[in-house]
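What follows is a single structure, and I will ask about it in a moment.
Each chain carries a letter (A, B, C, D, E and F) given by its place in the written order, and its residues are counted from 1.
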């Protein structure tokens, strides 16, 4: 008789997608709130687990650092849950250049080494910067310019979590120099010298 | 008898703050959702009307432009309503430098002159830029770098509305050079040359 | 080597729709949060620019006024951004009749002429009304009845922005008389006289 | 030892207000998100229980109906929870006049009698109306004009729930006639005849 | 001429889905914000009315109670509106077992009989419990464990409303024992005895 | 002249609290959206940095585990930003008992050891469980029952982030047995045996 009740409840509650969660169906176009949900029957625990942050990113590059994302496109289980992660790896002298996340706040925990991290407020351009050691946590409010620098003698690693499944990442130097925005426009809107602009466009492959 | 009913309804519904709106009481500290509400009895139509955008801002300055805000601190009626405004005035060759609004999207309508406006996506650093004439409207998605340049022969004016009563305004060049962020840090996180950084810190009053 | 890094970042971040923005794909059905997003590759700057408000609407009609919308259906770039616009044109004696926007608050800036604008609070039916001149701004809280009347000697124009890409527009007189809601029902729920109801149903093409 | 753990957890988690809920402290001014929270120590079960809807409202009035609210001002436990309730009582021929709730959607369940309920869409002024019997449920989307009429032979009762702790209630006829909005303004923005307006202002105590 | 205006307004405003509401198209996959909207033309008043709560649920079962849902899957008109309902029927000694709704708060009104209802705060595990009579209302904050027990001599009935169109329902005892979570795991994470776990797994059909 | 402009901008934008962020003023009562903001002048970088998770929690207790929170009450910089963190330490055989977070989703990264983690869906009570190694990430959807067990041979550590500055923590076994909820009520709403209930109430200090 009890099992009978359970059956009725299942029948009534179970006839649709379960909206406890909404694992992204990446084959369909997303909307403003995220991707459509996969059918419950095809969801597995692997949708909620992501191993792509377990290995260090390749830091053999000019910034001596790597950002490995675990956003909705890589980790479909976070769709609709207001969270995503990334891993930061920095070799000695590595730097995560100045950037913003247009769509979310960030919280960072250092798991190896020492990191000098900071953000700039839009209020009087105040800088909030601090040396972070292993286990220290820092929060970067939504949309503000921030950076991380390996300030120790060895490798530094951090895990960052965002308040959005797809927070975006706008690196200021790339936004200025790694595209076809004309040099004169960059000059007009930043006051940077033309020579400086042309030099960095050259390095980054920007045109115009 | 009818009036009796009305009295009862008023009694029941009217015994608290009216939450049709929540005019900011600027004398109290705000919270994440905005300022506490003024008492209904002291709210007047002037809380919902702002005349501070009627006159052009002073453009006799190096950017030949002015931004006049009508955010919650100036216009308490917008508190809690998810909207605020500002006025842009640009003399010939005037520029609103590259900036972001950390807390909201922006929609702009040109009311005088011709403006070249653009924003930069965080996706492949794509630039979306267009010449806008009187009556044209452009939308700038939340948190992305954007700019406006007077591209006509005369004065240009625009009204902008934000999807927040307090969207913030972070001008990239001020954030980089108009504070005490050390030159070497700016260099490390932007790849700009030290000489360029020192030059602009000099112009803008930055230190270190 | 640096370009190598950039390539890796692009690979990781660029493999999906860019969610910096979500330009409406109007060919697909919307959901509660708006329309699905167009693919990044087919987005152009024209999705973010709307010229449909540049020309005055036709005011040769009984209200001597026109409302021209720039909502998501006309202006797909606003999808998901919490903003949309409209233009109000009023000939001499023109009126935007009493109405609400069920889905958003409104902020209005007068760009020509003089407008008498007001809204009615649900708290004690208090009326907030004011004469607005060129450059004045007024905010109308979500869902409340409001109106605009050309109170000057010439044409009046205003641009309005809403806190929603699709705020809706419910004109009270049309809602009451321009449909098949039976006369006796209108009478019962408004206390208006039957003769008055029949007269306005006649003017507006309502039935029953 | 186990108790020791519990003590530590309590110490860490218990040193602030519990934000499982936020019972309204009605003595402090609310903000856009609701009232400040009472201290945990002074919260009791009675904050979460409301008996004010148990008795029928007094329907001895011209509308032969009563609305009894259980909003945050009456029922402080709903603060911050996105819900509130009201009770509708209608004597024979009783009517809840045409109205909107600016701040929320409504769901209604009939518990006695028969009710004719309807709402008007802002899209083509379409009317959605239906006879509801005991146990029937109807939903009224946010901000749209709606009404309820006792369409049976006896008393009718319904409980309504709103998607907001303070949804507001704007009765159209009161908003038009029960205040000091000038007759000529009402005429201009509604097309109602001056005589009709003056008549209803007289009944409802409106002026001007 | 007036009709001409109306035609223009309809043309401009009516060319898309009406977003006054978004009736669920249950044939399409939902997203984090709910289901895609049915086309306006196929929406009828029956989408906004649900009669499935009019009859008592079958309480001939071991809990002597029934929960009948009116969530989005059963009642497509609630999609996107932040509300849904359910009916509780309890025979003598009937019980709605301890459960949570992961996605929303709940408000309950007793329409027949007497119910002992309670919830447990996460702050110091405080219990808030009260005897509710006909017409009494109780609110259960989001995500907290709660229960309802028929504490009277006859049948008890209640209508509950949720602050979500799909609040979910997680019955603790079913979550623990009516699945394949290994007995040793249940033991480890609850401290319940193995014999107790095996006994209830047996009753409920759980395995491992 | 340029500095003059900057001065004007500062004057206009700087006259209120900066709402780039809203560091909690823990001396004032919170509201539904969080705590009131500290004045900008008294905010320092230390408000955005939290070192309380750097050291392992004390696991010398019956669960051989510790949860150290970095919620708004401990870490005022997260107020209003939709994020907070905690640290999990588990000795050999350590367990974080079955629990929910009523107010947010959780994302976990293993930084040491091996953890068996799982959650239970409200849809058919499906269990999603997996062995997680160092660097693996798992997401737990809002409000669902979940647990973590040290499944390795040594100490295990994880950092968890929540989609709320104050997600709450309701441990099922404590909610059932560590308070004054009467044994007969626990029995009625869980089907657990009276002897089992009394035994665990004894261990945990529950009464009745």
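What we mean here is this: a residue touches a chain if its C-beta (ideal position, glycine included) is under 8 Å from a C-beta of that chain, and two chains touch if they have at least 3 such contacts.
Every value quoted in this text rests on a predicted model; they were computed, and no experiment measured them.
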Hopping only between chains that touch, the fewest steps from chain A to chain E number 1
Interface residue identity across copies chain D, chain E - same or different by half = same
Express in whole angstrom the distance between the two chain centres, defined as the mean CA positions of chain A and chain D.
-> 42
Distance between chain centroids, defined by C-alpha means - chain B, chain D (Å) = 35
How many angstrom between the C-alpha centroids of chain E and chain B?
-> 42
So which stretches of chain C touch two or more other chains?
-> 13, 18, 20, 28, 30-33, 102-103, 118, 122-124, 129, 141-144, 168-169, 174, 178, 203
Please list, in label order, each pair of chains that touches.
-> A-B, A-C, A-E, A-F, B-C, B-D, B-F, C-D, C-E, D-E, D-F, E-F
Show which residues of chain C lie in contact with chain A when the two form their complex.
-> 1-6, 8-9, 12-13, 15-20, 22, 25, 28, 30-39, 79-80
Complex interface listing, chain B residues touching chain C | 10, 13-14, 18, 20-21, 40, 44-46, 48-51, 53-55, 70, 75, 77-78, 81-85, 87, 104-107, 109, 111, 118-119, 121-124, 128-130, 132-144, 159, 161, 163
Could you pull out which chain A residues touch chain B in their complex?
-> 95-98, 100-103, 116, 118, 120, 122-127, 129, 141-145, 147, 149, 168-170, 172-176, 178-181, 185, 188-193, 196, 199-200, 203
List of chain E residues in touch with chain A within their complex | 26, 28-33, 57-58, 60-63, 66-69, 71-74, 102-103, 166, 168-169, 174, 178, 203-205
